[in-house]
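Two complexes follow with chain A in common, the first pairing it with chain B and the second with chain C.
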Partner chain A sequence: MQELREVLLNTLLAAGLYATMSYGLAVIYGVMRIINLAHAGLMMLAAYVTFALYTRYEMDPFLSLVVVIPLFFLLGVLLHRFVVRRLPRTTGTPTMQSLLLLFGVWLVLQNLAYALWTGDTQSILTPYTLKSVTLLGVRVGVPNLLVFGVSALSLLALNFVLKRTYLGRAIRAVTQNRDAALLSGIDADRLSAITFGAGTAFAAIAGTSLSTLYAFTPDFGRSFLLKAFCIIVLGGMESFTGVAAGALVLAFLENALAAWTPIPTSFQDAISFTLLVLVLVAVPQGLPGIARKVARWRASS
Partner chain B sequence: MPADAGGATPILSVRSLSKRFEGLLALGGVSFDVEKGQIFGVIGPNGAGKTTLFSCIVGSLVPTSGEILFRKRRIGGLPNDAVVRRGVVRTHQIVRPFREMTVAQNVSVGALFGRGKRRGAEAASRVAAVLETTGLSHRAGALAGTLTIGELKRLEIARALATEPEVICLDEVMGGLNPSEILAAMALIRTIRDAGVTVLMIEHHIHAVVGVSDRILVLNFGEKIAEGTPREVVADPDVVAAYLGDETNPLLEECVS
Partner chain C sequence: MTPAPVSRRTLPWLLFAAAGLVLLLAPRFLDRGSLNDVWNVAFGVILACSWNILGGFAGQVSIGYSAFIGIGAYTTVLLALKGVDPYLTLPLSALLAAVFAVLIGLPAFRLRGPYFTIVTIGVSEAVRVFASGVSFTGGSSGLRMPAGSFDFSVNYASMVALALAVIALTAALSRSPFGAALGAIRQDIDAAEALGIDSTRFKLGAHAISAALVAVAGSLYAINFQYVAPGSVFDFRLSLSIVLMPIIGGVGTLAGPVLGAVIFSYLQIKLLTIPALRDSYLFIYGGLLILVMLFEPKGIVGLWNRLAASVRRSPGGSDAR
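The block that comes next holds the complex of A and B.
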């Protein structure tokens, strides 16, 4: 019972962070049909910016989001304006050019970080980094709780924007049918810039969050990008509830396998990788595909 | 409404428009003018370049050469969304709904982001008016994915109308409709024109085009072979030979009479 509670609570805490980093990718994919391979680099860069603000100005990492979020939104808009916008327009699947271009951006960001901060492992040690509290009989690290709070707030904000604002209506329209959205007069160029900014800001929120939990180097972020891929493939690429479900499934598998099987925690990254392959082979449409199949099966029986 | 050549300046003017796809000449120097308030039919056999023409006008394709003037301003080569915000919109032969939105939400996208850029209550009343015109009011709350093909075609028109266009290009809105639906569609096209919107329409259903158009343009292999009133066009020997086939087609006489 204790173990189950532990697994479920840890699942929830991890899923919040996973969803935050996946939504950044998903929203960009939905609007622009681009897979942002630079996502990992942007998470890494946000971790370093948070680190720099902490060491130089003693700014609390969570408080530094007030600076980091607008900064990275702007960075995303500029990246779109001067790099991504030059790609040929695409309505279908992501092009090889877009993948290579954004992979290149990732490499540039990595080398920038090496130049600025060297390859040494860095970490942020705040007075509460090693503190923990007891919640429902489970010991939980204070940073983990704060990260969950930040994730929950970002997801609520995203949900509000998507469901309740005109901007959100435009994003959903382009995601569902780009041609029809253009024919309705939606300014795709401006919307793409905003979306790329928002996706980058979500990468930054995830990066800052991760910097309070893990040590990092300029190579940081790769395994988390893989997890995000796994989640959006599982969630069905375009479905926002699907992404949340995908994040929960991955977080649960990681925690459950660590608690109830002899698989060592160092194998956690292998779980997302295995899941990614299994989903692509068995249910390429992800969870929404399974849901549709179940619905059809229930309707026919 | 007779077309009066040399009258007021045309609302839409196409000059020597050409579009080439890797060696294939889809449009070869087509020119014509559309007057404000006209219903302007575009006909021609499959592959004549009709849809390519519409795509160039609304900016989903960049013309190889030539000009498209809307109210004397060049719109050829502008991106699709920019053309819509200036007041020229199209519908597609293959419908493109937002499947996970309701009918009203689909139409609201046009009202919110089109030429009118309506907000709040203004957007809502625009949506309601357009749904009324297109006969979709009773389906306002239905998900677009659940509509019939006839309803989807009307939804496509409704969303385009919601952008408050001055010119609407209808691409085969009658395809796949039954005779009574076609009569309703013809009435709808007249209603749209009477509301002050200039209509360009591609249509295979010859009775419908001849019945509703003020002027007709005939394309064949990317070139204009005739232009004039419906009566002139169906009597044109080139048109009869190229498009309508049999010279003594009784259907045609029925059309013009």
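The block that comes next holds the complex of A and C.
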């Protein structure tokens, strides 16, 4: 019972971070049909910026989000303006060209981090990094709780923007039916720029959060990129509730396998990958696909 | 123009044979340092041309080829530690890599385009994690070949011969029905399927062939360095350079990967000796990738063709033919 409670709580906490990480990828994919491989590099860079703000100005990592979010939004817009926008327009499926282009951006970001901060492993140690509290009879690290809080807030904000503003409606419209949305007069270029900025900002929130939990190097972020990719595939690529569900499933699998099976934690990263392959092969539509199948099966029986 | 003594089809082959002969005889007149450079270029050519069979001809971009180098290198080292002659392990390396390529390909080739690419990143990551976690790979400290009589000239000759063979093979493949099928898959997989091409089988075939060739190169790599570790042979950066070489040169062309490998290997050798640039090679790789993707996705070969076409069109330019 205690163990179950532990697994469930840890799942929830991890899922918040995973969802934040994945929305940045999902929103860019939805609007622009681009798989942003630079996402990993942006998360890594945000971790380093947080680190720099902490060591240089003693700014609390969570407080530094006030600087990091606008900074990375701007970076995303500039990246779109000077690099991504030059790609030929795509409709439908993402192109190899865009994937490899953003792969190049990722490498440049990595080298930037090597040049500025060397390849040494860094970590952020705040007074509360090692503190923990007891919640529902489970000991939980304070940073994990704070990260969950940040994730919850940013997801609420995203939900508000998507549901209640013109911008959000435009993003959802382009995601659902690109041609129809563009025909009804949405400024695709401006929307793409904002989307890329927002996706980058979400990568930065995830990166700052990760920096309070893990040590990092310029090579940081690859396994998290794979996790995020696994989640959006699981969530059905375009569905926003699907992404949240995907994050919960992956987080639960990781925690459950760590708690109840003898699989060493060093193989944990392989879980998301295995799940990714299984999902892509068995249910390419992800969780929404399964939900539809179940609904059809119940209707027919 | 006087009639050529050899036809246009045999001339490239003659040039190729002559260049091959010179390279194979190079140990007679080149010093060890230059031979090392040639060895590196040959290694790069094998990787780039083999990758090009799947990534270029069939258009299935994989960023996970270091797994095959690792499989080849480990097969050789592990068997050598059991007392088998290293060069006798090459066929087994090729076979194991081909089997692994098919096993990975069975699920992965159900995916198209970028989705396939992402899965290959996952595969290489999983293989690396697995290889550093299990004990028979020597963990992070790696394994050393048994001390024996290592002969660089044999290794050099094998590597150069394999590179030449791979170039010849890709040239032959590109003109074969197999190559035509791969080209059809690249251009329009649905149309290819409609014409009766079993795309999965052809993709699996291309994957297996290229994986086997890369694994043999990996074996020769292990023999040359007498040492193998998960951090070196399963490195993501190795996967990366395998992709970059053909992309810089020209994906899907015959000359592209060779050109890319020569430029890339040469750059790498030169860069590694300049301390100031040693730490900025990712800038260069990433920058090249960005430039190629934005301005000429067909790489140097594409650029060359474009230049040649504009020279031919302009009235001042003399016709090449």
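Assume the second predicted complex is superposed on the first by the 301 of 301 C-alpha atoms of A that agree within 3 Å, B and C clash if a C-alpha of one lies under 4 Å from a C-alpha of the other, contacts with A are read in each partner's own complex, and residues count from 1 in each chain.
Here, a residue touches a chain if its C-beta (ideal position, glycine included) is under 8 Å from a C-beta of that chain, and two chains touch if they have at least 3 such contacts.
The shown structure was predicted, so the numbers you read here are calculated from the model rather than taken from an experiment.
Chemist: If you stack the two complexes on chain A, which partner ends up touching A:280: first (chain B), second (chain C), both, or neither?
Modeler: second
Chemist: Please indicate which partner A:137 is in contact with in the superposed arrangement: first for chain B, second for chain C, both, or neither.
Modeler: In the superposition, A:137 touches no partner, neither chain B nor chain C.
Chemist: Which chain, chain B or chain C, ends up touching more residues of chain A in the combined arrangement?
Modeler: Larger number of chain A residues touched: C.
Chemist: Kindly classify A:105 by the partners it touches after superposition: chain B alone (first), chain C alone (second), both, or neither?
Modeler: Touch status of A:105: second partner only.
Chemist: For A:114, is the partner it touches chain B (first), chain C (second), both, or none of the two (neither)?
Modeler: In the superposed model, A:114 contacts chain C only, not chain B.
Chemist: Going by the contact rule set out at the top, does A:180 touch chain B (first), chain C (second), both, or neither?
Modeler: Only chain B is touched by A:180; chain C is not.
Chemist: After superposition on the shared chain, which partner residues are touched by A:166: those of chain B (first), chain C (second), both, or neither?
Modeler: Touch status of A:166: first partner only.
Chemist: In the superposed arrangement, does A:222 touch chain B (first), chain C (second), both or neither?
Modeler: second
Chemist: Find the residues of chain A that appear in the contact set with chain B and again in the contact set with chain C.
Modeler: Of chain A, no residue contacts chain B in one complex and chain C in the other.
Chemist: Looking at the complex, which residues from chain C come into contact with chain A?
Modeler: 59, 61, 63, 107-108, 110-115, 117-119, 121-123, 125-126, 129-130, 132-133, 236, 240, 243, 247, 279-283, 285-290, 293-294, 297
Chemist: Could you pull out which chain A residues touch chain B in their complex?
Modeler: Residues of chain A touching chain B: 166, 169-170, 172-173, 176-177, 179-189.
Chemist: Spell out the part of chain A that touches chain C in their complex, as residue ranges.
Modeler: Those in contact with chain C are residues 35, 83, 86-87, 93-101, 103-112, 114-115, 222-223, 226, 229, 233, 264, 266-267, 269-270, 273-274, 276-277, 280-281, 284.
Chemist: Under the stated contact criterion, what part of chain B meets chain A in this complex?
Modeler: That would be residues 58, 60, 79-82, 84-85, 89-92, 96-101, 105, 108-110, 112-115, 117, 119, 159-160, 162-163 of chain B.
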